[in-house]
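So the structure is just underneath, and the comments pick up after that.
For clarity, chains are labelled A, B, C and D in written order, and residue numbers in each chain start from 1.
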Amino acid sequence: MNTFGQIFRLTSFGESHGRGIGGIIDGCPAGVVLDVEQIQAELARRKPGQSKITTQRQEPDQVEFLSGIFEGKTQGTPIAFAVWNKDQHSADYNDLKNIYRPSHADFTYMQKYGTRDHRGGGRSSARETIARVVAGAIAKQILDKAGVKIQAFVSQVGEVKLEKHYAELDLSQTESNIVRCPDAETAEKMIDRIMQAGNDKDTVGGVITGIVTGVPAGWGEPVFNKLHASLGFAMLGINAVKGFEYGSGFEGTKLSGSQHNDVFIQTENGIRTKTNHSGGIQGGISNGEDIYFRVAFKPIATLLKEQQTIDIDNNPTTINPKGRHDPCVLPRAVPIVEAMAALVLVDHYLLNKLNSI
Amino acid sequence: MNTFGQIFRLTSFGESHGRGIGGIIDGCPAGVVLDVEQIQAELARRKPGQSKITTQRQEPDQVEFLSGIFEGKTQGTPIAFAVWNKDQHSADYNDLKNIYRPSHADFTYMQKYGTRDHRGGGRSSARETIARVVAGAIAKQILDKAGVKIQAFVSQVGEVKLEKHYAELDLSQTESNIVRCPDAETAEKMIDRIMQAGNDKDTVGGVITGIVTGVPAGWGEPVFNKLHASLGFAMLGINAVKGFEYGSGFEGTKLSGSQHNDVFIQTENGIRTKTNHSGGIQGGISNGEDIYFRVAFKPIATLLKEQQTIDIDNNPTTINPKGRHDPCVLPRAVPIVEAMAALVLVDHYLLNKLNSI
Amino acid sequence: MNTFGQIFRLTSFGESHGRGIGGIIDGCPAGVVLDVEQIQAELARRKPGQSKITTQRQEPDQVEFLSGIFEGKTQGTPIAFAVWNKDQHSADYNDLKNIYRPSHADFTYMQKYGTRDHRGGGRSSARETIARVVAGAIAKQILDKAGVKIQAFVSQVGEVKLEKHYAELDLSQTESNIVRCPDAETAEKMIDRIMQAGNDKDTVGGVITGIVTGVPAGWGEPVFNKLHASLGFAMLGINAVKGFEYGSGFEGTKLSGSQHNDVFIQTENGIRTKTNHSGGIQGGISNGEDIYFRVAFKPIATLLKEQQTIDIDNNPTTINPKGRHDPCVLPRAVPIVEAMAALVLVDHYLLNKLNSI
Amino acid sequence: MNTFGQIFRLTSFGESHGRGIGGIIDGCPAGVVLDVEQIQAELARRKPGQSKITTQRQEPDQVEFLSGIFEGKTQGTPIAFAVWNKDQHSADYNDLKNIYRPSHADFTYMQKYGTRDHRGGGRSSARETIARVVAGAIAKQILDKAGVKIQAFVSQVGEVKLEKHYAELDLSQTESNIVRCPDAETAEKMIDRIMQAGNDKDTVGGVITGIVTGVPAGWGEPVFNKLHASLGFAMLGINAVKGFEYGSGFEGTKLSGSQHNDVFIQTENGIRTKTNHSGGIQGGISNGEDIYFRVAFKPIATLLKEQQTIDIDNNPTTINPKGRHDPCVLPRAVPIVEAMAALVLVDHYLLNKLNSI
């Protein structure tokens, strides 16, 4: 159950303080010329220590490809890769060996497996998402050739919310600030909010918005594997995610059908819709309009202050985590959201080749 | 891609105006004594014509089992079943053969497959959910024996919202009114809101809340197939769903970590949490607390009034649907939400048998 | 585990004496114009009562399609179908309810599931292969358009063996006799051998040879899902099959490499091989030459004479089956072998669309 | 398509002359205490350079585990591993860059993918089986605790055939000679035969027999994934394999049903069969008797003498391979056969936990 995708399949491996994090991509078409620097650039967007609002841990997170690429091209064979772990302060976690941290996976792993690698959260660490970012970066390169572009940005931090519609934003500005919000003014407020959380030794949650442009009509599956169901599944599989909506989402439930329906119109570029409450997907299949969605992230569970909890023998105790932790997951989660969206889209791109003969 | 589940797998078939709707359940354990009346009762909750706020179409929706059951017990072999179509007014749809209805799947199916069964929406009709309700009813019976109970109810219709926390409600009252809201006062307002939509020849959306009790700690998968990701995937695969959240959901993004964390406490019944912002799931794995989630439904796209649209030759036209349609999908979607949740949970119940030897 | 195939997937259902046998084909491309008579013709090749050397049971085995076909064309949606059971003499099996027949699946089903439908062997009956023949007939029609032809014939019955190489045979003669051997002289001997077995109230086994022509180079998967491994898996999944070999097979183990290697040669039609010990597959991938393979069938376990056995309480007893049974499975298994080969090949045909973008 | 198994899944990666060979095992139960030396011992049985009848290449083939094991125990998380490549004489293969070797996968890979890593055969090299031996060694350890033992041996080399029934052999003697035949006398003849092939700069094929003891009744799946179909699929996925048979196999086709049927008998140890033509499997499900099967290997295609062939531009040419190659694959394939059988059996062992609740 560590495999994602139907055709373009990522199987991920690794723990936070083990040998490394990596994966195998199976089902990647042959003949794709890979830009390895671009893959590394995506990892740089995810890596710790990149700004004052992320953890100060320094992890180079350099990817090594182990198979499947020859003379710069994919071979149609499995692409294995690893990012070897460095700078591990495993000793920071010794205290936690016998303790269940609140709202972490310590307790549930132990209940499920009867054993766990407690160091840095083991497999439940968000460090696992490295594998997704690498695979997603390859997916992005394939999609790029097909004219599909995926862009995510931070649209809310705590109560600080970007109120503009995505079409009003200049998404090229997302990377111009450390919080990855394309609106400079809101970005400042978000940064302040995160700094405040850090000063309080507390954490803060928020929302990431994803935009996919260039998907032609026809991608997606009609029943269970609807395109938005695949996207939702992908997003809800990211650590700390609590919700997903696309198109009109939860707000759309308050509209009447006559307000919500997207009327088809004739255009020079063929059939389009006047509005896009559908979020680019109708009946689970893309209709050629922009796909957009929102992903809710809870505040990170690791606080740098004392909390009450229980040890593995069911005795009350307290924890007081040390180490270098993020006060807010959002800025570093932007490339993860993009990567997971890319994995979904490349999979449906390939699936769509099978509709007819 | 018409199969749902990893171990307990439903493969669904059928179109709205074809021979019938049905499916095959593969991976159902042997020796389960089935209560067929209970399965039929779930179909009755879903079927049209059940009250003044649903479509007045009369469809008996009687299930016939075709295999896999002998002397009242499952045999470990595939359970095939069908609900044969009746009372089809296919002629009602003749006008729609060459037209793309707004916010339906007509256009996208045509783009994907180059062909479609236009009668009643064909495969994209919500009638397909019959297969899910039957399979879900079987899953429920298995879960029931394991002490797991799944209950859903309508918590919002348009702007009418049930403000109480689920723990304050008497869920046994859900079936006491036609809108399936356990709070009598709010139910009345919801019914009025739906009646109003019907009178306006319009439609209205809303939210269904699902509650799962009795899941022991340890169900779920840690990385991609997190328990809540599976639930979200299931819900987003239901027709008209636009969003999913569990536990603290989108609102939880505004809390700080110290507010959000669920502190572990000692109890007579073992380890519990003081609060349940986690929604019963931590790191993708159940922790023994109640699982709760919310599902957003858009207003139904079929309006009984004239709308502008495009025909299959890309010429502007208008549609003015006739026939008998629901003004609101919510009341009939409650058993569908429960069924999909049951399919997810029975799958993770079985998967969980594989953790250790 | 009742699903066959990766892309073109058949999920089969049904028991010998239940409501019927059928299946769902998911992943069939849209827009395929189906020749239903041709499908029915394949069922006629499989059905009982077709000649003096098969069982005299009369079963019309008429297929009914339940979904996925509209105006004669596949819709890209699941194709459900059923052959309803008729002419069931379930009472013939009452004696067998508490007995394990030698070399049948009675004992093993009971051990596995703790329950079984004993009537006519239930799910273990070769009647289940009806689902395969229907799905295979659709696969054949798709392959036919791609220039691929699948032909099987009986090459051995008991010790009566067709000694000629397949290239010396006129395969259009296979259907000209009731045993389905394209060599008239050998066919006579085989028929005699089967008649003799019938007269002895005994049964006899044999070998079916399959030939696939027109597969272009490039179909197959290189590691686990080698084209011949998929074929072998398919054949070994047929009732009564004990062995599979392709190309030079078991005999080829005695050759030296210099004898066995298929030298590449230049031809007007591109690269070909001088010999074809490879059986048209190299490294698991088709090389454009004919694919050929042999499938071993054991003698049928149901004998019309008394045999010693054990009842379900582990007491010794005897059985003396009545009813109408085949003395030899081979003639009726020819369309089943072809069907399973077709399912494998259509799957690899579709998979092969995913190699490159 | 580089994943093997339903529950206990191996995804393999790597090329002959790339960074290394490895894989990820997903679905391994938690809490298994691994004997890493035993895993390494299996690799030693497979590795080159182990005797005078194998290639003289020296490859240490030391496995490194990258994840999923903590304090010596499996964690229920993915077990990644690699054997890093050493001693690569890639230059030996420069001549082959533009040539298709007879009966290799060079031509078919190129046809399928339009690109290939020609060095040492790339992904089509039997070096890929390292991943299978590692995963199989873990599977063996799990099976061992369940009382299941898998033993393979060489039963034929060229025309030299071990005529004894496996029950007459002392399988503990298999490792006592370099050809891995438990009969000392026959082993000598086989070794001579292989030496002769080597002296001739030629190669020779043969047969490996596999024996599985201790499987309880009830493992296997009844329809497509019959236990023997899974075994056949596994064996036919091994490089150079041309055929598979189990139980009475191809020879059994000549028996009558009354000779072939395995009569059930009462014993102190419950129900057994008097004979075992079924090879321990009835209706696709184990019956508690020994499982035995035979696997045909063709002679290796790489000959150390000149052969006619074609280059990638379809011009005739000759090849004259250098390097260090095996004259016979059989002795080194014994642990591979065992490994693949172990993967199949551990998968069915786990699947069998899902039959009932």
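One rule holds for everything that comes next: contacts are C-beta pairs under 8 Å (C-beta built on N, C-alpha and C of every residue); 3 or more make two chains touch, one makes a residue touch a chain.
Computed from a predicted structure; not experimentally measured.
Undergrad: Using the touch definition up top, find the fewest steps from chain B to chain D.
TA: Counted as steps through touching chains, the separation is 1.
Undergrad: Quick one: compare the interface residues of chain C with those of chain D and tell me same or different, with half as the dividing line.
TA: same
Undergrad: Sort the other chains by how far their Cα centres are from that of chain D and give me the top one.
TA: The most distant chain relative to chain D turns out to be B.
Undergrad: Counting in whole Å, what is the centre-to-centre distance of chain A and chain C, each centre being its mean C-alpha position?
TA: The separation of the two C-alpha centroids amounts to 46 Å.
Undergrad: Just give me the whole-number Å value for how far the CA centre of chain A lies from that of chain B.
TA: 26
Undergrad: Express in whole angstrom the distance between the two chain centres, defined as the mean CA positions of chain B and chain C.
TA: Distance between chain centres: 40 Å.
Undergrad: Got the chain A residues that touch at least 2 other chains?
TA: Those would be 1-3, 12, 27, 30-31, 76-77, 112-114, 123, 222, 355-356.
Undergrad: If every chain is a node and every touching pair an edge, decide which shape results: line, ring, star, complete or other.
TA: Graph shape here is complete: every pair of chains touches.
Undergrad: Looking at the complex, which residues from chain A come into contact with chain C?
TA: 7, 27, 29-32, 76-77, 142, 145-146, 222, 350, 353-357
Undergrad: Provide the residue numbers of chain C that touch chain D in the complex, in ascending order.
TA: 1-4, 6, 12, 100, 102-105, 107-109, 111-114, 123-124, 128, 156, 158-159, 197, 200, 202-207, 216-226, 228-230, 232-234, 236-237, 239, 242-250, 252-266, 270-271, 273, 277-279, 281-288, 294, 296-303, 305, 307-310, 314-316, 351-352, 355-356
Undergrad: Hey, which residues of chain B end up touching chain C in the complex?
TA: 1-3, 9, 11-15, 18-20, 22-24, 26-27, 30-31, 64-68, 70, 73, 75-80, 82, 112-117, 122-123
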